[in-house]
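What follows is subunit A paired twice: with subunit B in the first complex and subunit C in the second.
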Partner chain A sequence: MVKRLIQSEYLVLLLSAVYFAALAPFTPGFASTGNLANILSSMLPLLVVAMGQTFVLIAGGIDLSVTSTIALASVVGASVATGDQGILSGNSLATPGGILAMLLVGATVGSFNGAAITRFRMPPFIVTLTTMIFVSGFAVWLTQSKSIFNLPTTFTILGSNVWVALPLVAVATLVMHFALSRTLLGHWIYAIGHNKNAAEISGVPVRRVLLFTYIASGLCAAAASILYTGRLESASPVMGRNILLDLIGATVIGGTSLYGGKGKILWTVYGVLFLALIDNSLNLLNLSYFTIMMAKGAVIVMAATIDSVRNKLLNS
Partner chain B sequence: MPHAQFMKRLLPIPISITLASLFVAMWTAGCGSNSPTTQEASGQGEKQLTVGVAFETLQTEYWVAGFEAIKEQLAKRNIKVLEAIANSDSNRQFEQIQTFVTRGVDGIIMVPKDAKTCIPSIRAANSAGIPIVLFNRPAGESDAKSVAVQADNFKLSKETVAFMIEQARKTGTKHKAMVIMGDLGDINAIGRRDGFDAAVKGNEDLIEVVSRVPSEWNQEKAQAGVVNALQAHPDISFIFTSSDFLFPSIVSAMKTAGKYKKIGEPGHVILGGFDGDATAYQMMKDGYLDATGVQDVYFEAEATVQALLDLRGGKDVPTLIQDPGFVIHQGNMDEMTPKMWGANIRK
Partner chain C sequence: MSSSPRILEFDSVEKSFFGVKVLKAVTFDLRTGTAIGLVGENGAGKSTLMNILGGIHTPDAGYIRMEGEPYAPRNPQDAARAGVAFIHQELNLFSNLTIAENIFITTFPRVAGLPMIARKTVRERARSLLDQVGLSVNPNTRVESLSAGERQLVEIAKALSLDARIIIFDEPTSSLTALETDRLFELISTLRARGISMIYISHALSDVMKLCDDIVVLRDGEVVGKSRTAETSTAKLISLMVGRSIDQLYPERTGRPAAERALSVRNLSQPGIVRNIAFDLHDQEILGISGLMGSGRSELARILFGLDPFETGEVLLWGENLPKPSPRQCVRMGMAFLTENRREEGLCMEASIAENMALVSLPNFANRGGYWIDHGRLSKSLTALRGAVRLTRSARLSQAVRTLSGGNQQKVVLAKWLLNRPRVFILDEPTRGIDVGAKYEVYSLINKLASDGAAVLIISSEIEELIGMCDQILVMRNGEIADTIRRPDFDRERILRGALKQSHTTRTSPVETARHDPESR
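Entry: the complex of A and B
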């Protein structure tokens, strides 16, 4: 029974439900409608960026630059859309223009990462870490560390109203889920993650597929940036700086392997849900930020351990 | 498709349905359970209030002192405290304020990251009818309603720098000056920079500002900036920092350049700061620091809690309550030390 449970791909979803049921009676407001909307609202941007990371991780890579991509996309998009001397200030195209600029930033950073990794065969860790440092510095330099405000309501509503964001994120989730599980591209991504050399010999266009995963990750980071920026009604050059632990944590908790070849978009949804529940409940229990960080770290280590045990069971 | 494989695929469906049902059941059960955290004090019939205190950071001694002073004020009034620290993350702070609203707190005290990113948080509190007071950082102009308690950064900086200029005048020579600025997205940093500039204006015959170091409230950036400035202008003899918490970086850079001398010693650099923290107190006691503008944390904490209670009581409260603060220097140190929060935490 325990063996079957550990092997189940619904383990994290089950844990989320058990955790929710166990804490609801003791945590004031945890199960209230308003709080569930809060959990959903905090889940959505993290889920979007984590889905891109899932693509990269399954292909055997890692993208550490997403946090700075979020920051740069935020300030570039806001520079276009803001009513305070923005490039399209007062124009009806301010919102679409801002969003387009943000997605362009994501695609550019992703293309650079992908090109450096595939063309020059550089390690993804080093490439994306360097990109993170560069892009982060660039965002601060561009704005002289100032935040940008006065964004159009048509822009901010995307992040501030959960019922507007939810259908958009749901569609994106379904598209990415089907792309990964039902298309040839998805099979290629898994094949590369399992064994890159074998995939190459089998005729998989490894370079192009890897490039695609990093561009997808950049685009997802930019899309998450739209949600974060809208939520706070302002753009900041340090936006998203602290989400790397949550991001990697959510994908690993969901079951996506850091070694590549294994993972699903649905697992990432479960991972993000579980992390959001932990975060929210510990906040409600009035634990300090630092205690929450320690608890999250412990949960991520536990998830990695379970993943390891699960792999052993499957191989035995 | 073989039967076993088909069953294997179907198996997760009941599990998912069960889990979804459980979630919905919990949600339904939870609806309406968003009871306020106000509690009946045992046997008294009086309601114990709960206040959420959300600080952007506890990175500096000033914020720690402010946090403790607010908690002390709330404890004095038998008010329960919920704490939240956002570690300089506006998004996290927004979620923390939402959590306070979910818990139905009776009031919120907040130190926002900056003047604008806090507006959605204030709106959330406004929508729930929860009074909110901002400690030390007021919000920017918007339709969101809040009260702020803040030191008069401009006036206090101007007075501090004016005192430093008096000391400079006594030396009978012209001084080259450096100002270390904070994060210019922070209204406090802007007020302090403007106070410095206002004090220097009209005294250009005595003070020539040769370096403006942007620290972004970051020790490493401050140190790098001061090191570079002292290399470019080794004859700098007048330094004002927008916050005392940057002194360790400044002193380290000054020591490297051989410019950290006591008052009265040849080569002494006239030093001034803002905040009144423990490092500044020690430097002043040891005879290195000329003056610092002290924020009266105890006044600010008391005014914050009182404003929150007044708002709850439906009283009129001004949108900005200013702490006049005071300048402490070698001449009034004995008299003013008991009011300097940095001196008290050093004890």
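Entry: the complex of A and C
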């Protein structure tokens, strides 16, 4: 029974439910409608970045640059759309123009990462770490480290109203889920994560697929940036600085392997949900930022332990 | 069987995986200072039994006794301490480390009283161990620059360093050249004379007959025969193994090469790898390439498939010149390449059998434009396919390839290419690790492919296999084609001579000489 539970792929979802049920009676406001909407709205942007990361991780890579992509996309999009001397300030195209600019930023950063990794065979860790440092510096330089306000409501509503964001993210989740589990591209991503050499010899266009995963990750980061920026109703060059741990944590808690070849979009959904619950409940309990960090670190280690126990069980 | 004392006794050993019993009441003894041959079909349970002995798996029931004492290793370290060394089917050395570092990886001699490695002792002891196994290479050479045969000798040296009393060989010769095999056999005889006992697993029954004192036959996890080697015969062993007799090792060749050229190679050269290679492979032809390891045969295959570059010359596929072929282009044009090392380049070990079998031909199962995989159609094809390559009945397609026996893994690699219906096959050691019965099936399959129109290039270290299968054999030496022999003139001696003949008086090829010179790196 315990063994079956640990082996189940719904384990994290179940843990989330148990956690919620256990804490709800003691944590004031945890189960209130308002707070649930709160949890949801903090989940959505994280989920969007994490899904892109899931693609990259399954293919055996890693993308550390997403946090900086979020920041750069935020300030670039805002400088297009803002009413304070934005490029399209006051224009009815301000919102679509801003969004387009943000997605462009994501695609550009992703393409750069992908190209460096596939063309010059550099290790993803180094490439994306360097990109992260460069891009976040660039975002700060661009804005002289100031935030940008006065964004059009048509823009901010995407991130500030859960009921607008939810259907959009839900559709994106489904698309990415099916892309990974049902399409040719998805199968290729897994194969590359398992064994790049074997995939290449089998005729898989390894470089193109890898390039795609990094572009997808960049685009996801940009999309998440739309949500974050909307939620804050302002753009900031340090946006997303603290989410790297949550991001990798959520995907790994979900069960996606850092070694490649293993993972699912749905697992990432569960992982993000779990982390969002923990984050939210600890906040409600009025714990300090540092305590929350420590607690989250512990939870991620625990999840990783469960994962390795699970692998052992599955293999014996 | 009681002339010398028993060092090891297996008593009713059982093991199941996922509710499937793969070992059933296995009982036999190993006498001190003798070699026992363990034979059986793919998936019979040979490696599993040895994994139990080596502490990798624990038995579900039954006992092992070593010199009369209960022996139940909980992990490979326990086994090593008890004097059991395991030379695995897939070698297990760290290729980025040196020979000496590999030998002493767990038992580095220390400077007395300090947590520091005594470098001098390491070097001296490594050298003396290498001398014992007859490997004249500097111990500071990195393992990655060694041939498969030399790596095996390093593994044996490592076993000796641990004072092994029992050495298990799991298909040691499947990646060795004839010469290396001979050297290994000599070494095994010397070790046995020193009182070391051996368990020797192989599908080459003639080797087992030559080398072992006793032979145990496993079928479906059961011991179906044990006898002194002198009292049995290859034919008897085969019929015990497969449950019927096989009177022919190679199927009758039905087709003949057609006039159409499928693959043409003209003056192909890549400095240091191959020189002036030229040949034609016709439709319906089976062309063999023989040669020592390092003669450039596998390297040639990699170049033809677009994995490595070439400097001059031409490769034509159905008359079309491919100046810079890529694997993807080759696959799309109907080529298949079964590589010699299935673990590194052939399979995704952690992925399922189904995923592996589907990998090459996935695009054929994607809906037009939509890239959506038609899983229904795919799984129907896979079910048919597993029958075609005679994958073990007990395997589920959703099972990880890693859990298959070595021979069955090889069948999965074959299957994944077959599904794409290629018309030119490059097969590098296609029957490596496959049992006698299944070999015949694979040969029949290759024959059928050829008579249905495909062109087949087989690279093999087994000269008999090439003689039994091919229309023509190319013999490679030092990156060149040294001899071309047509079917009526096939002759084992002539092939060997072609592969070995030296232009200089040195024993080793220039490549090897360069590698053995430690200071040149």
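Things to note:
One rule holds for everything that comes next: the second predicted complex is superposed on the first by the 316 of 316 C-alpha atoms of A that agree within 3 Å, B and C clash if a C-alpha of one lies under 4 Å from a C-alpha of the other, contacts with A are read in each partner's own complex, and residues count from 1 in each chain.
Just so we're on the same page, a residue touches a chain if its C-beta (ideal position, glycine included) is under 8 Å from a C-beta of that chain, and two chains touch if they have at least 3 such contacts.
Just so it is clear, the structure is predicted and the values come from calculations on it, not from any experiment.
After superposition onto subunit A, partners subunit B and subunit C are found to sit side by side with no clash.
Shared-chain residue A:Asn283: touches subunit B; no touch with subunit C. In the superposed model, A:Lys264 makes contact with neither subunit B nor subunit C. In the superposed model, A:Asn242 makes contact with subunit B only, not with subunit C.
By the document's definition of touching, of the two partners only subunit B reaches A:Asn38; subunit C does not.
Of the two partner chains placed around the shared chain by superposition, subunit C is the only one that A:Gly203 touches, whereas subunit B remains out of contact. Our angle of interest has its tip at the CA centre of subunit A and reaches the CA centres of subunit B and subunit C; in the overlay it is 140°, to the nearest 10. Superposition on chain A leaves subunit B and subunit C with their closest Cα atoms 9 Å from each other.
Note: no residue of subunit A belongs to the subunit B contact set and to the subunit C contact set alike, using the contact criterion stated above. By the touch criterion given at the top, residues 8-10, 13-14, 17, 20-21, 24, 28-36, 38, 41-42, 140, 144-147, 149, 160, 228, 231-234, 236, 238-242, 279-280, 283-284, 286, 288-290 of subunit A touch subunit B in their complex.
The touching residues of subunit A, counted against subunit C in their complex, run 182-185, 187-188, 190-191, 194-195, 197-205, 261-262. By the touch rule above, subunit C contacts subunit A in their complex via residues 305, 307, 327-328, 330-332, 337, 339, 344-351, 355, 358-360, 362-363, 366, 371-373, 375, 416. Contacts from subunit B toward subunit A in the complex involve residues 12, 15-16, 19, 22-23, 26-27, 29-35, 37, 82-92, 94-96, 98-99, 101-104, 114, 116-117, 119-120, 140, 183-185, 214, 216.
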